[in-house]
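Quick one: the structure is below, questions incoming.
So that you can tell them apart, the chains are marked A, B, C, D and E in the order they are listed, and the count of residues begins at 1 in each.
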Amino acid sequence: MTNDAKSVSGSYEAGLKGATETVAEFHEDTGALKRLQHWLHQTPSAVPLIVLLISLVIFGFAAENFFKAGTLSTILQQIAIVGILGCAQSIVILTAGIDLSVGAIAVFSSVLMGQITFRYGVPAELAIAIGLALGTAMGAVNGVLIAKLRLPPFIVTLGTWQILLAANFIYSRNETIRSADISEQAPALRFWGQAIEPGGIKVLYAVFLMIALVAIMAYVLRHTAWGRHVYATGDDPQAAELAGVPTQKVLIQVYALAGLFCAIAGWVMIGRFGSVSPTASTGQLGNIQSITAVVIGGISLFGGRGSIVGMFFGALIVGVFEMGLRLVGTDPQWTFFLIGVLIIFAVAVDQWIRKVSG
Amino acid sequence: MTNDAKSVSGSYEAGLKGATETVAEFHEDTGALKRLQHWLHQTPSAVPLIVLLISLVIFGFAAENFFKAGTLSTILQQIAIVGILGCAQSIVILTAGIDLSVGAIAVFSSVLMGQITFRYGVPAELAIAIGLALGTAMGAVNGVLIAKLRLPPFIVTLGTWQILLAANFIYSRNETIRSADISEQAPALRFWGQAIEPGGIKVLYAVFLMIALVAIMAYVLRHTAWGRHVYATGDDPQAAELAGVPTQKVLIQVYALAGLFCAIAGWVMIGRFGSVSPTASTGQLGNIQSITAVVIGGISLFGGRGSIVGMFFGALIVGVFEMGLRLVGTDPQWTFFLIGVLIIFAVAVDQWIRKVSG
Amino acid sequence: ESHGVAACLITKTDTNPFFVKMKEGAEAKAAELGVTLKSYAGKIDGDHESQVAAIEACVADGAKGILITASDTKAIVDSVAAARAAGVLVIALDTPLDPIDAADATFATDNFQAGLLIGQWAAASMGAEAANAKIAMLDLAISQPSVDVLRDQGFLTGFGIDTVDINKWGDETDPRIVGNEVTAGNEEGGLKAMEALLAKDPDINVVYTINEPSAAGAFEALKAAGKEGVLIVSVDGGCPGVADVKDGVIGATSQQYPLLMASLGIEAIAKFAADGTKPAPTEGKAFFDTGVALITDKPVEGVESIDTTKGMELCWG
Amino acid sequence: MEPILKAPILRAQGLYKRYGKVTALNNCDFELYPGEILAVIGDNGAGKSTLIKAISGAVQPDEGHIWLEGREIAFKTPIEARAAGIETVYQTLAMSPALSIADNMFMGRELRRPGIMGSVFRKLDRARMEAFAREKLNELGLMTIQNINQAVETLSGGQRQGVAVARAAAFGSKVVILDEPTAALGVKESRRVLELIRDVRSRGIPIILISHNMPHVFEVADRIHIHRLGSRLCVIKPQDYSMSDAVAFMTGAKLPEGVTEAA
Amino acid sequence: MEPILKAPILRAQGLYKRYGKVTALNNCDFELYPGEILAVIGDNGAGKSTLIKAISGAVQPDEGHIWLEGREIAFKTPIEARAAGIETVYQTLAMSPALSIADNMFMGRELRRPGIMGSVFRKLDRARMEAFAREKLNELGLMTIQNINQAVETLSGGQRQGVAVARAAAFGSKVVILDEPTAALGVKESRRVLELIRDVRSRGIPIILISHNMPHVFEVADRIHIHRLGSRLCVIKPQDYSMSDAVAFMTGAKLPEGVTEAA
């Protein structure tokens, strides 16, 4: 009855003959405002950048010592570690995950690098390599639990956070390796604490490292297939799986890479703080700090949306607020209060700009 | 040309005449295993319950003093506060949100109740009512920021967490109100610290309150329209909005109710600890503890799935682990370590049971 | 014979070296006397809730005695009372409870005194310049637990600065104070806090620190800023801290004796289990004072101190 | 039937909606008369869904006016439109995947138990809701739904669509809007939906039907609104034109008399 | 054309799939012969989508066997099926909403820049991917897509489906499976998809087409697999039966000769 069928659809599809084949074109508004809106729309990291600039200006007026080169370079060095942890956190959150263990991996890796050097007399360079490998392994364990056993990332990393932090204290026996010993016997551990000083303004190597990592990851996420797979995995994991993305592999790689970044952050911590201490606050607060940077930077906690450059600006916003408020105010309790207010405010402004430019 | 059209579809729809109108029936497997699987499938809170029972048995063997009535009632009283905060956290997480400020609201509310009584000489009953109202208001502020300004819950409550904690320290001037003073002058503040002692086993009023709240919320979420709206809002907010759920209103109500629960938890804290202390660690850790209970209890962090009864079992699981490990006498760092392991393990077992019974 | 006696040690945290050493002291003594010791700790500074849970666990477990360093000296009083009512001997270590008789006995150090000593030393070292000092205050946490307040206010008192409300730090109006920052008591916190205060005023010349790790962090920040010769004072007297005094990183530190407190406490519990006697306080004080000593290699007139060689012998970890 | 004589129950004029570079509605007009079935047809991406979303409050037009029974309206949410009696089946179906069929059908207008259980304890009357849902689905011939408590996400594509259509038909009081209600439906189920549409009209409620199925459109529609490139090209009566004319109009192969293409 | 003589390229026997109380596949058999277009028709919820998901690795059957070119297979993920040359358009489309059209089309088989940029820096060749995507969409007549960098979530329902179909047709090498590919498509776009299906067959690739559109099915199918209550009721040739017979079989109004209903 094929003919029958043909005639059925044929009865109206005759109208198709001569249908236009051109693509619809509408004239585009080209006013400056429209273009700005369009640019904002296309460039998600632009919004936190604007918030950052606004807050710089405000603090420039409010605090007299703010716009000194020294202050600004101090801000950069204060966010170096959070920025690197933020790289780890960003890729994880892009997959709709979360990593509460970033700070713990960083601190534990730094302790491992230090103790392996000092306890076992291993050359510092080798100890660093071992530390980086172990950090990657810790991340990979997170990844395997999440991807293979399909456990929720929040709970897995909540568990490994506790486990690694406890292991860190147990292994280190709560001992701090003193700065003087490191400088003498294992200067490689302190590599990222060195600085260049163009015109007397000190900029740590760690700051350049952070910027380089952000740039590399921005490239990888935007311009490689792997980066697209990370986004797809976070966007709709079932769809990604059906469309041919090896989501399990991607997840494991993402968490392992995050572990590596954390271990790098651990190495940077030694350079920055001089000593190796298992009690470093990053172990407790690194996760919240890095998540804050990520969210202020406009990456969605539901995965698949946002840019790592935004995270960088997010970290800077927090750094600027903290430093600015300290310069303006006195009482740490009030500073703490105001940082809370400003974080909400920053995200509200961000949201408002997005809406206006929608 | 209506006739034309009729004939077109008529050409094959003739086949419809006499189509069966019965509902398809397949025979059901009714083996015991199948039924168990089916029950597990239908009752999401059953899985954490099983994990709970297993851990009870294990600790019963491992620690000699574990299976004493006193120990078990102590566990219940230790989780009373987390359980109440967990009620708050559960409804928030069901809407695909998160509330990092629960602990801060609880502590600040308890401080407000105490200080309003002692600093201004307000009758304790009135001070409690004011405290509950203020807690609700704090939650409502979260809700308005999230629903109206469409800010991410994580960042809003991160901000209010800091704000409320700082406000708590500033307002209380870091002063602890002593237990002796409260017993003498404002026993109402300590209401929930009273206990019944059937057969010498002390069970705090607070424990009954927690169980009552869980039961009420389980009813509300399952059997009222509002409860269904909470689930729908978390499940797919756009779809819920299109289907006629006033999602903004629901969100504000949810956060306000969460605030009320937190304030109740604050009141309970006074009863449990006897004194009013602004430094209570619930302010810092209450959020992670309640989220842990919620997640172990099987509520999805992506919203819309899970049951509050599961949260209750989740809180119990953590309480049992902590008490069990204490009784076994593990060193605190090892306790942290093992609790980390057990959290992951509990969720893995949960996931495994779900899969097997899938 | 104290075999079969169970005891508990509950510290504020178990990551701070001070409490780690206290635990080691207690364990050594317990092993010597045949006491079974279980240790517990708060999760963060000021965490009295975990301490309450630990007290309850000890009671449930049938312990004979509890040694506790209270995170909040008032807030745990009820739980302590409940434990004592259950026949457990409760000894406060390091910090007295409020009221002090809430515990059966107290083996404590005087944190205010510790702060006072370094304050006096700093003022005397500076001489007339003390009037123009620029002081950075590196405290513990914004929740201001009692050690934090006592050491801070002790230092200011010793230095000759009006503390306004002695129960709170940060409310001082003296222009010599550049600012207060919190450090969480570790190197990282000390470094960041010092950086922030240096951005505020680069001419800081006196730094008070809550403990020696934060002092080490502050020193790194000062070194990086190229500032030599700033007076750093601290409290604790741990071996790395004393070494830092020796190396000139820290000018002076107040040494405390956690090992001594802990071993005394275990002995007291063993004794109580054996014959029911409770320990007595130091003559003339409401508690048994385990003492504080100022350690510096640059002694000053009018403030008693010991040098680092002696300090090294007495140090605890 | 000559509904043109009455005043339109729903009218829109000069609607615009732009999404960045894309213009979804471009000076679009629209009219719906009481008691009629108005079909809206057009190419994929012509802007049909956007048009009905603008009407039902799911999307706010950038420009333009809408009147319901002569009064200008500007719904900010679909809830407002629903309260005004406009019931819509969206192309995306708008259902909560994890909730059951009955929960979804009664979302926002749940039935409560009679007596004190309902008024004080606000307990839902699940039995009544489930019975109602089952009845409505049976009317649509969706016999293969074996378990009325199944979560919507576990339904087949067509079953899901059936639930959405049943919901709108059961509750619409002033206007019912159906965006491709039979796209995923089988032959039998599609037929039932067409019958249902006629049923609804016979209750005096006008219907907007978006569909790509020409035979269906020509079978049930009183008038056909042809949408092209974001605006109304023309409105025709099925009696006056053939299906192939309609297809030619909507694809741009032919222009209806008296109309000149703007672009 | 008599494909029945050759060995089936894809064969399944005794497939079962149960979801709790619901039995989606109930002892289902299946055969696909080289070079043919096999249509699968059946009521909503009959289990058609579940059947093809079992074949393409998206779902693991509880029981049963599947053979591809004579070798037994048991794909654990759709990726394995894809690597074996089976390309599927799922009813849910399986696209990442926030990513662009080109990103979605090339998901999992992205093109890299030539030279060192591609081999070392692994940079994507966006220009080439976008050009390819645009070409494929034009072939389908999806002219209304104004911006090839649009996120898929901003496309209209039909546009989205077009993208999914274009992807499968462009990349399938052994078997192409289409689950209701024209459900959301307009008249013009549907016609193009049918042409495309014939194109693919003319490249020698067999196609499984699930559709509720009887005229389409009878127009292009070589054989029609009629699915009912979770299993294959019969296979007919369009030449031998009328559409109304097929509808009668699938809805249970009539039984094909030589078949007795199990239940």
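Following the convention adopted for this analysis, contacts are C-beta pairs under 8 Å (C-beta built on N, C-alpha and C of every residue); 3 or more make two chains touch, one makes a residue touch a chain.
In UniProt terms the chains read A, B = ABC transporter permease; D, E = Sugar ABC transporter ATP-binding protein.
Remember, predicted model here, so these are calculated numbers, not experimental data.
Of all chains in the assembly, those touching chain B (ABC transporter permease) and also chain D are A, E. Looking at the partners of chain B (ABC transporter permease) and chain C together, the chains they share are A.
For chain A (ABC transporter permease), the chain with the farthest CA centroid is D. Our note on geometry: chain A (ABC transporter permease) versus chain B (ABC transporter permease), Cα centroid distance of 30 Å, whole angstroms. Here the CA centre of chain A (ABC transporter permease) is 40 Å from the CA centre of chain E. Inter-chain centre distance (chain C to chain E, centres taken as mean C-alpha positions): 72 Å. Spacing of chain A (ABC transporter permease) relative to chain D, judged by their CA centroids, is 44 angstrom.
Touching of two or more other chains is recorded for residues 20-22, 92, 143-146, 187-188, 214-215, 229, 242-243, 247, 251 of chain E. Across the assembly, chain B (ABC transporter permease) contributes 4, 8, 11-13, 15-16, 19-20, 24-26, 165-166, 169, 333 as residues in contact with two or more other chains.
Under the contact definition stated at the top, the residues of chain C that touch 2 or more other chains are 14, 44, 142.
Contact between chains, as defined at the top, is found for A-B, A-C, A-D, A-E, B-C, B-D, B-E, D-E.
Residues of chain E touching chain B (ABC transporter permease) in their complex: 20-23, 26, 214-215, 229-230, 242-249, 251-254, 263. Within the complex formed with chain E, the residues of chain A (ABC transporter permease) that make contact are 1-2, 4-6, 8-9, 12-13, 15-16, 19-26, 219, 223-226, 228-229, 231-232, 235-236, 238-246, 304-305.
Residues 19-22, 42-46, 49, 91-92, 142-147, 150, 154-159, 162, 180, 183-190, 212, 214, 229, 247, 250-251 of chain D are the ones touching chain E in the complex.
Chain contact summary for the complex, chain A (ABC transporter permease) toward chain B (ABC transporter permease): residues 4, 8, 11, 96, 145, 149-152, 154-156, 158-163, 165-167, 169-170, 288, 291-292, 295-296, 300-302, 333-334, 336-337, 339-341, 343-344, 347-348, 351.
Interface residues of chain B (ABC transporter permease) facing chain C in the complex, by the touch rule stated above, are 65, 68, 70-71, 74, 77-78, 165-166, 169, 173-180, 272-275, 277-285, 322-323, 326-327, 329, 331-333.
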